[in-house]
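Down below is the structure, laid out as structure tokens.
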Amino acid sequence: MKHLIDLDDFSLNEINSIIGKAIEIKKNPHEFSNVMHGKIIGTLFYEPSTRTQMSFQTAMLKLGGQVIGFNNPQNSSVAKGENFKDTIKIIGGYADIIAIRHPLEGAAKAASIFANCPIINAGDGSHLHPTQTLTDLLTIAEQKNTLNGLTVGFCGDLKYGRTVHSLVKMMLKYKNNKFIFISTEELQIPDYIKNIIISSGNSYEEVFSLEDSIDKLDILYMTRIQKERFTSIQDYNLQKDVFKLTTDKLKNANHNMIILHPLPRVDEIDISVDDDPRALYFKQASNGVFVRMSLILHILSTKIDENVENLTLNESCNNKLCITNHEKYLPHYFKKDNNSYFCEYCSREIKL
Amino acid sequence: MKHLIDLDDFSLNEINSIIGKAIEIKKNPHEFSNVMHGKIIGTLFYEPSTRTQMSFQTAMLKLGGQVIGFNNPQNSSVAKGENFKDTIKIIGGYADIIAIRHPLEGAAKAASIFANCPIINAGDGSHLHPTQTLTDLLTIAEQKNTLNGLTVGFCGDLKYGRTVHSLVKMMLKYKNNKFIFISTEELQIPDYIKNIIISSGNSYEEVFSLEDSIDKLDILYMTRIQKERFTSIQDYNLQKDVFKLTTDKLKNANHNMIILHPLPRVDEIDISVDDDPRALYFKQASNGVFVRMSLILHILSTKIDENVENLTLNESCNNKLCITNHEKYLPHYFKKDNNSYFCEYCSREIKL
Amino acid sequence: MKHLIDLDDFSLNEINSIIGKAIEIKKNPHEFSNVMHGKIIGTLFYEPSTRTQMSFQTAMLKLGGQVIGFNNPQNSSVAKGENFKDTIKIIGGYADIIAIRHPLEGAAKAASIFANCPIINAGDGSHLHPTQTLTDLLTIAEQKNTLNGLTVGFCGDLKYGRTVHSLVKMMLKYKNNKFIFISTEELQIPDYIKNIIISSGNSYEEVFSLEDSIDKLDILYMTRIQKERFTSIQDYNLQKDVFKLTTDKLKNANHNMIILHPLPRVDEIDISVDDDPRALYFKQASNGVFVRMSLILHILSTKIDENVENLTLNESCNNKLCITNHEKYLPHYFKKDNNSYFCEYCSREIKL
């Protein structure tokens, strides 16, 4: 079975094909309105996320399929003490494909071990959210007609923003993309991302002002800054306006620059920006449906030989938010890379 | 796009056509069981209302369409601080039509400003609930074969009951209808409704006893009286039985009088009345599905030129429950009527 | 109309036909993927039960039908004080068939009195859960190719486990089945079940050790033991391991013994047992969908003459959890058996 836990599960060819098909579906939705007749997606949302859940539901319904699921585990058998495995086994027996959102890192990977059907990671804690990145790529490809040679500015919380890390990594698979990271000192892009950029032969800049760099950008990718990420409220109040996108700051931007945001936004884009033709975040949100339609089609039409060999070690992952530390029966799978070992669930490196 | 925010958005011809089509659908549901194939309704319920939500869902499903939505904004991005506009923009990008219920007045109007798809008002605070009125009209038309020359008694909370106000206003668009308002002094029909009746050349009576007037009625429209509407519990206990419909009080009623109630009921109709053939409130509830099927068809097949010119003033609506006082980015639209100005969202008059 | 409140509502022929059709559907699901086109099931869950609710939803969707419903009455009109009857009347006006789960005993029976559509009991308190028993029967029939001549071991909470009582009663309708009841003294099978077994000419054994009797079993039916069923925590800690199924205890079991469990499990089956080919509880769970598909088909294609005569007495049921003691307008129906009277809702005997 084919799962989507991490975008690394897919080759670049596969990703291009998913994006290409999404564009095709968007042009001719009626040709695809029955292809999933009789199929069911289970949307298991262990934490609420209306937008993501609805975009999966809409995707399946627009393909002629159907939906079961929950968005509140307190109304489910989970509340009776059922373990994660059993829930996945049982709903995997009902559904043809499962999209899962979970507060713990590695939950989607854990689900893929037990399910009798393909699993799509709809967000596992602060770890991965690959369908958001596919949505971003579709929107860029559609607007720019290319995924190469672009200068992408990321603004806001670059330290914790998983969508930022994921999109940077994907853009590195294409050619000649440049990155400008715009943030406070506290919320700078992590070193491991910088290292990946450098080791792949690409370049980046780090700046502290949105205004000073906006004119260089083909894409401005805004993210939500959370008050609690700042060291103090004073600090927050001092800095928040520096990173707020306003019509004023847009004056220096290129006419064909596009503004993206994974949404929900709170305050970081002034509402007056919405009327600017470069503001594409709502279009981006609706692209989420088309890319998920394409993804479901891809996954359910791909058969793979399951000869994955997992490395099991007599070690525990020391990430407290890793699902292996909550569901104790999970096998301790690790990945070896050079001389380092990484938890197969949450990707955290372990020291032996 | 065609929205249904207020019944005034529709001409009498349109309303008659919706009712006529509802009767047709009820007779031949199978002819309509695929007409909405591939279409999705978003049911956005910012406060719970199972009945109304399910009737919209059933309507769309019986037309061959599909449903997404929520009934608890605490499980949605709203809980993350997302503004109303963004939710509407995004779900309007997923769905083909939206039915919205919201505790604030004017919410449906506000949604219609931003949505990329038609909006149906499924109740905005105590302001409007037009699909209930359509349901009432369908039931009367079906049972009486006319909407003219009827004597309608309204009993219960006539002061706050938005369904009462709305049905009176609609019945005035037909000919020779008379109204008998049966309530306590505290819960009498508001003056502005009386004025509308008089200025349209119709007549009404106000009485304090259900028993004394029931023999004159073609239709008895019961409503829920809420304990907290009375000045004291003593007052409530004294008066509640005066307005409770019992089999006893029905003895004086005409054989072909029909009893309606928008439901839910609590105590105002004795359960033994349910077995009386004149008790039509459950039939009325199921008519809600047919009239909504007809409404969805009407809205999705009507294209209109959007040349609505809104009057924007540098004033705020002073209704604390108006959505403009909660979502600050909303434009301040007003309607001028004679020399008065009314908020375009919640219909409240403002003093300049 | 045909309801399923209690399995006694069905003849053995009907039950065999439902199981036979379920096996047929499982083999050729595509032949049934449109038979319920245009039909709607209402799943009214007055208490949460994801698994059961989803299995009904999946069943209807896989037949080409659609779903409405709720899983949290706090989000419904129930919260506004609406009585049970009104909810059932109204949703019975929307849906073509209703599956109802309710914490009070007799709720499904009460619903069947008022609904305009067939009712399926999806669990009424600790009273009945007939679709679980149909699921069990399908799994046994499928695995053993017979429902006769089997030795069935029941392990765990045999006192309160309604699925155990129900399956025993059903297995007695087939030939030459034997029962071994494995439990603590506190959780032994009730006398009335023993009496039914004896009076039907069958035999049973009662034992206190799973290990000692596992080698005699064709079927091991495990159930959840709840901590609070024991007289003390000390008692629980002493005894819980005696009844926990482990790979070790399975060593003595027959190669073709099958292990069933109605799920959810908590601790009573060690997770390592899942990999044993005899562990069929997840297959059993997925069989729940097929048997419910078959059941829906059966019920919606069966017309019966409604000449049920109910015996009404001027007595009240003295079971505090009986729905008649919460919804006061319900008629007081009783069943006479020999010289005893039983509440028609919750099956409790009353003393006159």
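Letters A, B and C mark the chains as written, and numbering starts fresh at 1 in each.
We take it that a residue touches a chain if its C-beta (ideal position, glycine included) is under 8 Å from a C-beta of that chain, and two chains touch if they have at least 3 such contacts.
Values in this document were obtained by computation on a predicted structure and should not be read as measured data.
Copies chain A and chain B of the same sequence differ in orientation by 120 degrees, per CA superposition (steps of 5). At the interface between chain B and chain C, under half of the residue numbers involved are used by both copies, so each side presents largely different positions. Centroids of chain B and chain C (each the mean of its C-alpha atoms) stand 42 Å apart.
For chain C, no residue reaches two or more other chains under the stated contact definition.
By the touch rule above, chain B contacts chain A in their complex via residues 37-38, 40, 42, 66, 68-70, 74-83, 85-87, 89-91, 93-95, 329. Listing the residues of chain C that touch chain A in their complex gives 29-30, 33, 48-51, 54-55, 57-58, 61-62, 64, 71-72, 263-266, 271, 274, 282-283, 285-286, 289.
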